[in-house]
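The following block contains the structure, expressed as structure tokens.
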Amino acid sequence: MDSDSDGVHEQLEVIFDQSAAQRRRASLNPGTSNRPSSQRQKTSCFVHQLLEEKSKSGQWTPSTDILSDRTADKETPEDQRNGDETQRHTQSRLLTKKQLSDMAFGIRELSKKLGHIRLLLKVRNVFLLTKAHDQKLIANTRDMTQYLLKNTNEEGQPYVVWVEETMRDNAVFNAKGLLDHDPSYKDRLRYWTNELCAKKPHTFEICIALGGDGTVLYASWLFQRVVPPVMSFALGSLGFLTKFDFDNYPHILTRAFRDGVTVSLRLRFEATVMRARPRSQNENGSGNEGDYRDLIDEIIGESSDDSTTHHPLVSHNILNDIVLDREPNATMSSIEIFGDEEHFTTVQADGVCVATPTGSTAYNLAAGGSLCHPENPVILVTAIAPHTLSFRPIILPDTIVLRMGVPYDARASCWASFDGKERTELTPGDYVTVSASRFPFPSVLPLDRRNQKQSKKT
Amino acid sequence: MDSDSDGVHEQLEVIFDQSAAQRRRASLNPGTSNRPSSQRQKTSCFVHQLLEEKSKSGQWTPSTDILSDRTADKETPEDQRNGDETQRHTQSRLLTKKQLSDMAFGIRELSKKLGHIRLLLKVRNVFLLTKAHDQKLIANTRDMTQYLLKNTNEEGQPYVVWVEETMRDNAVFNAKGLLDHDPSYKDRLRYWTNELCAKKPHTFEICIALGGDGTVLYASWLFQRVVPPVMSFALGSLGFLTKFDFDNYPHILTRAFRDGVTVSLRLRFEATVMRARPRSQNENGSGNEGDYRDLIDEIIGESSDDSTTHHPLVSHNILNDIVLDREPNATMSSIEIFGDEEHFTTVQADGVCVATPTGSTAYNLAAGGSLCHPENPVILVTAIAPHTLSFRPIILPDTIVLRMGVPYDARASCWASFDGKERTELTPGDYVTVSASRFPFPSVLPLDRRNQKQSKKT
Amino acid sequence: MDSDSDGVHEQLEVIFDQSAAQRRRASLNPGTSNRPSSQRQKTSCFVHQLLEEKSKSGQWTPSTDILSDRTADKETPEDQRNGDETQRHTQSRLLTKKQLSDMAFGIRELSKKLGHIRLLLKVRNVFLLTKAHDQKLIANTRDMTQYLLKNTNEEGQPYVVWVEETMRDNAVFNAKGLLDHDPSYKDRLRYWTNELCAKKPHTFEICIALGGDGTVLYASWLFQRVVPPVMSFALGSLGFLTKFDFDNYPHILTRAFRDGVTVSLRLRFEATVMRARPRSQNENGSGNEGDYRDLIDEIIGESSDDSTTHHPLVSHNILNDIVLDREPNATMSSIEIFGDEEHFTTVQADGVCVATPTGSTAYNLAAGGSLCHPENPVILVTAIAPHTLSFRPIILPDTIVLRMGVPYDARASCWASFDGKERTELTPGDYVTVSASRFPFPSVLPLDRRNQKQSKKT
Amino acid sequence: MDSDSDGVHEQLEVIFDQSAAQRRRASLNPGTSNRPSSQRQKTSCFVHQLLEEKSKSGQWTPSTDILSDRTADKETPEDQRNGDETQRHTQSRLLTKKQLSDMAFGIRELSKKLGHIRLLLKVRNVFLLTKAHDQKLIANTRDMTQYLLKNTNEEGQPYVVWVEETMRDNAVFNAKGLLDHDPSYKDRLRYWTNELCAKKPHTFEICIALGGDGTVLYASWLFQRVVPPVMSFALGSLGFLTKFDFDNYPHILTRAFRDGVTVSLRLRFEATVMRARPRSQNENGSGNEGDYRDLIDEIIGESSDDSTTHHPLVSHNILNDIVLDREPNATMSSIEIFGDEEHFTTVQADGVCVATPTGSTAYNLAAGGSLCHPENPVILVTAIAPHTLSFRPIILPDTIVLRMGVPYDARASCWASFDGKERTELTPGDYVTVSASRFPFPSVLPLDRRNQKQSKKT
């Protein structure tokens, strides 16, 4: 930021605000020191290529995090031992305000660029995703598999098609029938597992999701970090996330793979459940007073250091929303909401919905939130049936770390769910952090959206 | 953007999307060609200094616009003749999507920087603003005037205090009493006029607004283009825009002028009323068919060229909101809403409120909109008492040009107002454009906001 | 109510609450003394017949009011002189709490009865109503006129058809063509005027409204007191008030006139504008203090007697809603709301909508009110864009007298409209009273609604 | 209703609508036949005395139900055996439309009367209710107990004070201390049990509730049928249901017992859980087709007879609301809503809240419902976070039987709760009926409410 001071002349001095550089509380981890940043290899993904350059130019410190993920492709023994993948990179909630802000800015800038760029994907490995219990969709998946296996890409190379492990013996999918038809398919029809998605997301140049917005959320769930560009097909009416009509898929795929696609980077949130540590006996002796704990003080108080009071339980990257709701038997929940180092409010409500712009059309809307353009870099916080009648939905910048906790003196637990899954109890004293994820979700748009629209009208 | 293509490797090609560079319809003006960009002088304003550098670096094409304003300081005869100030720079509604997006991005980035920087203002000329009809506030204004005239800045220079022209003979303000007290004040007590604000905004290092959020809006109205940093004092409870307590003003001013301030750049909108031109007889012969006009087609149709159908009537830079509402006698209004080249929807409602993040706490909230953090780069569109029950408030990016018009076949006019003023009739066929203004509103924040908060708690 | 005290035994005494019988303030009129209650004649209307009996049984004091209307049929010279029709009966706002409550109860009970009863209307005079500017509807009206003139009722009598005066020379209606076709129509095709509706509503056994909910509101406007049963036909989709499909009208009318109809009595409100009298000089001497007036005190204060402070300007019976809204130029309105002798609240809002259950689906819904079953005996009060965020729509019993006024110190006037018409300025100090009207609106329902529904399903 | 037909004259015939008298479906019970209606004794309760007269006059058929409750005082062996108290009277859901309407009307009329009457209660037995786990409230209860034991009523009789069984050994309440102080208290300090409340509600002339709205709900829960007049005291701020200030209780009780009270009859709802019977093998053979069941058809279909498809599980009389909500793990619930024999709508939402006017200020308000005056005879139906954005709260008359069910093909159960208690699972096919209860809740109001208000102002 030195360059800015060039602008200073006799009337003016610039003094850096120290507090901005200060590390946030809630920073448990030793941080960036022990991350493996050296053994990079050339990425196959344009999106992450761009991110990497950004980081090299120094605009976006701890930018190496995203690369460390790719080292997972090497499957070192260490990786295999390390079950807690989410601890391998510095989570966004642990960044300083400035780092988080830079990261968010980097992604916004990238999104802006991508909006103007046509990407040629050079597809070789196609990842196919559908609802594994919907017979009709499985039949459609088989159609598309067969179509892809029959065809080649622009450079004459045959496609490798990856379907879910469960398709191997699925009667409707009938893999054997495919192979019987053409034994050469054998090498090119492969099966993915959840683990492969987690470990080697770069294997796939594209992910094709069949079957509605739910399937797109499933893709986001599978690819918790780097996500291949996702092209979503709907049967029947298009949804908010499903942009292509299945009826037309051969034509659509041909054009997309040949002419390129536009990718919209959808903001995801990284959400981490922070569990309250039991208070140690030793620390406090046996005083009664020592039993009293105040969540607000532990989170933003003067001497707060949440590594002693809380530990991270689990993290999720989500595309739609994090919902906290009341214990079923409770009348309502009481939730403390914090933005960065400020205590915003205490909400008495059925719950709170924290939505991405992408999720604004889902539960957020039912709870009374606003419709949000997917490009807005915002966090939408909406209370569900708030007892405080004047409570209104709040729009926050994606450079904020949001924390929502259950006060220690709450009568009941809350429950957190992440894109409608992974329901987790928050007992009194626990909280959830929400911040912009460094792993956005690349959603493939029709290239000629604008022309299509206009042609519709004529 | 060339540098990005470095990221391209064998698997990938980048092709620029031509449509992004395409000039928007609604571009009447010859544009950037005849703007006076050469005779720049050093700016006295840090904020605009930074903006200037941005433009020099080429990141923000037609960045010279903002400079042309400063040439107003020279008061060339040409300027004096030129009554229509708003036509002197390219209005933001006329920018291409890319230009608008770059401009918005530039301001966002600047805002981000300012959030971390302490500014030393080196104040010499203080602009004082209050409600000219409130006796108590005038008395307060006199207090502050006297205080400033008595004191000097850090470098020992006396202040020049500017008050409204009407104070010259105001009994409560009693200018004569001040001068009688100390004749040396004579040169340093000056009177501003609306014209001076419009022409020479750089005269003032700081604007001090006394008396509530309304006075802040008044400052925004006075300074339609470049705005000096505005420091707002409230008597009694602080408002959303009034950040300082008058009771403490000597201490607050001393610290602010000595230690510096933090400035938050508030997004303003540029709103232009576009009046439908009467259909020329010549063009259409005398066919009955020629009488039929379709607003949607004129705005975004294939062959639309709104210079032949509409002309700009008047432009305003607003800080809170543009409100369109129904003719008093009408049951409701029918308003067409467009975002860039898309027709979003037709709203049947009492009206529509388009708010900045700053304005989110005003009428927007009453109409059912969300609370919005002032840093979010968004446009809030909220219908007032919509007859379509499923209509929900919409959050749009500030890189969009919004247009709202009255269909030609509407039974009644609409009325537009701008920050609650300048009420203008929109007859059928007219529309209003709203886009991010290149002239944000610099609001002075307490330097140590965070520490203050924490100290309150202890 | 004496009979109740029979229920009293040794443990219990009943003491009547004196305050209930106390006359309300706001009672200007000498009241029931000079109403002509003797010269009754047999009513031709079942509905009013029932109401009359109720009154005879003493349950519903000043029940004679409704009858006095019928005396209008006699057209005494006095009536003709008396322009201010609304003063001829005691308005419901002037009733005591007990009287109003009894009246409301009487109408509720009647409604309940009518819900179970099939009415044979013995139609002779048919009142036809449509939109006088809609060519298509006029053509439809002519169709129906011709159909009715051609046919006879169950007892073989020909129908008399009444159309609007303006149809006499309407080209589309072509009255001359009808008469040319059959000269005997001459006596049976008649023309109604607004005055006839006001003076002799009993002339018509049925009113047929063609053309949507607006036409039904028009019927309510025309028949300000006694309303003939209204049968409403829609073209195209049925509305909330239009219950019959025009396409089928010959069959529908035949069945309705032969087999009878069900009538639903829709609650109407009586709304009166009360204008503040200028304060007399004599009363208050010339003290400055005397200039200060407090609306709340004048309406419900200890010594309030609004005959000295306000006078009634005009009254309306409305079917949908009374809307108060802000002066177009004002930011918002400030409205004091009173229920009986209580000051409920001061609303800061764009306005207030007071809706009948029938009107609940109109503006009330847009303003955020609830859907209300038409049989509920309630008053729906909903603020439009309230600045007090916790303000919620209110449901009041129809036995309350609601008053809404503009405080004397308001900066701007409000405007009241009645079923969307009769827009009237309320200057500071004025108020509007709303109470259940003694003249409900009899809406004809399909006789076999229930069976129709079920048959749809099979 | 014979008398009404007097109103019929030559133009008119009245034919009773047969369908109104038709018994509703959902009528399982043999009904009124075996109810013990003869052995009445004089009631000790004015309210029920009035109800009894209403029934004698024939206006309100099966009016004897309410009396049969009083026979419980006799504790016949049969009663003791009969655990299922709720089956002893005909439940309101089983009434015909006309019966239900008559009953609702009877209660409305009674409420109206009570609003004008001062009741002298001649209190002998005082029922004291508080939160059994709140030490402070128990201390207050002891105070009041002591006060009452010390004093006598107007006729010089000492009071009998009933406290909860658990007070017998409660240290704070310290019953022993009381008796030590005055052994004569022994006979007059008694202990109530839930069973006593259920069986002999007439034992108590008054119920005094200490401690907020929750305690009032507890009173309603205890007295499921006849409820003694409830006088509620709050500590600190008064609630919606707590009308008296504890600080003043000796004065308030003295005046209330001496001068009388006003009683407001609050509408309660009777809610019954209807469990789907498993489809019998015999009926349907073993066809696959037989497995398909349609809830809408079973409830309102042509041949529906729900005694074969459903059986009543449990009934509750509730004062605030019945809430149906989604299974915690489910995204949302799908609920079918029926009013009488009509299918209103299918709601996709988090749940549905059905509130009494009394409950309108509780959960209903949080869910977006309206404030409702307690005297309105209405049912408030409000969806919680409805996915159908145009869904609006609905106000229904209390003469309707509402049914809400979980469709057979729903993916998840719903859960019903009654005044926040008695949470019950509704598996697919189950439904809940809601209708006006014949056992309203008599709430004691301050006698001179109006005067108090006015005096506050002076």
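Note that the chains are named A, B, C and D in the order they appear, and that numbering of residues resets to 1 at the start of each chain.
Basically, a residue touches a chain if its C-beta (ideal position, glycine included) is under 8 Å from a C-beta of that chain, and two chains touch if they have at least 3 such contacts.
For reference, the UniProt names are A, B, C, D = NAD(+) kinase.
A quick note: this is a predicted structure, and the numbers were derived from the prediction, not measured.
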Counting C-beta pairs in contact, which chain pair has more, B-C or A-C?
B-C
Taking each chain's centre as the mean of its CA atoms, which one is farthest from the centre of chain B (NAD(+) kinase)?
D
With chain centres taken as the means of their Cα atoms, state the distance from chain A (NAD(+) kinase) to chain C (NAD(+) kinase) in Å.
58
Distance between chain C (NAD(+) kinase) and chain D (NAD(+) kinase) based on Cα centroids, please, to the nearest Å.
35
Averaging C-alpha coordinates per chain, one finds the centres of chain B (NAD(+) kinase) and chain C (NAD(+) kinase) separated by a number of Å equal to 49
Two-or-more-chain contact residues of chain D (NAD(+) kinase), please, as numbers and ranges.
365, 389, 392
Assign the assembly's chain-to-chain touch graph to one of these shapes: line, ring, star, complete, other.
complete
Interfacial residue positions of chain D (NAD(+) kinase) with respect to chain B (NAD(+) kinase) in the complex
388-390, 392
Could you please specify the touching residues of chain D (NAD(+) kinase) with respect to chain A (NAD(+) kinase) in the complex?
325, 328-329, 331-332, 349-350, 363, 365-368, 384-387, 389, 415, 420, 423
Of all residues in chain C (NAD(+) kinase), those that touch chain D (NAD(+) kinase) in their complex
1, 4, 6-17, 19-20, 42, 44, 46, 49-50, 52-53, 98, 101, 105, 108-109, 112-113, 115-122, 205, 260, 262, 301-302, 341-342, 357, 360, 365, 369-373, 375-378, 380, 392-397, 399-400, 450, 453-454, 457-458
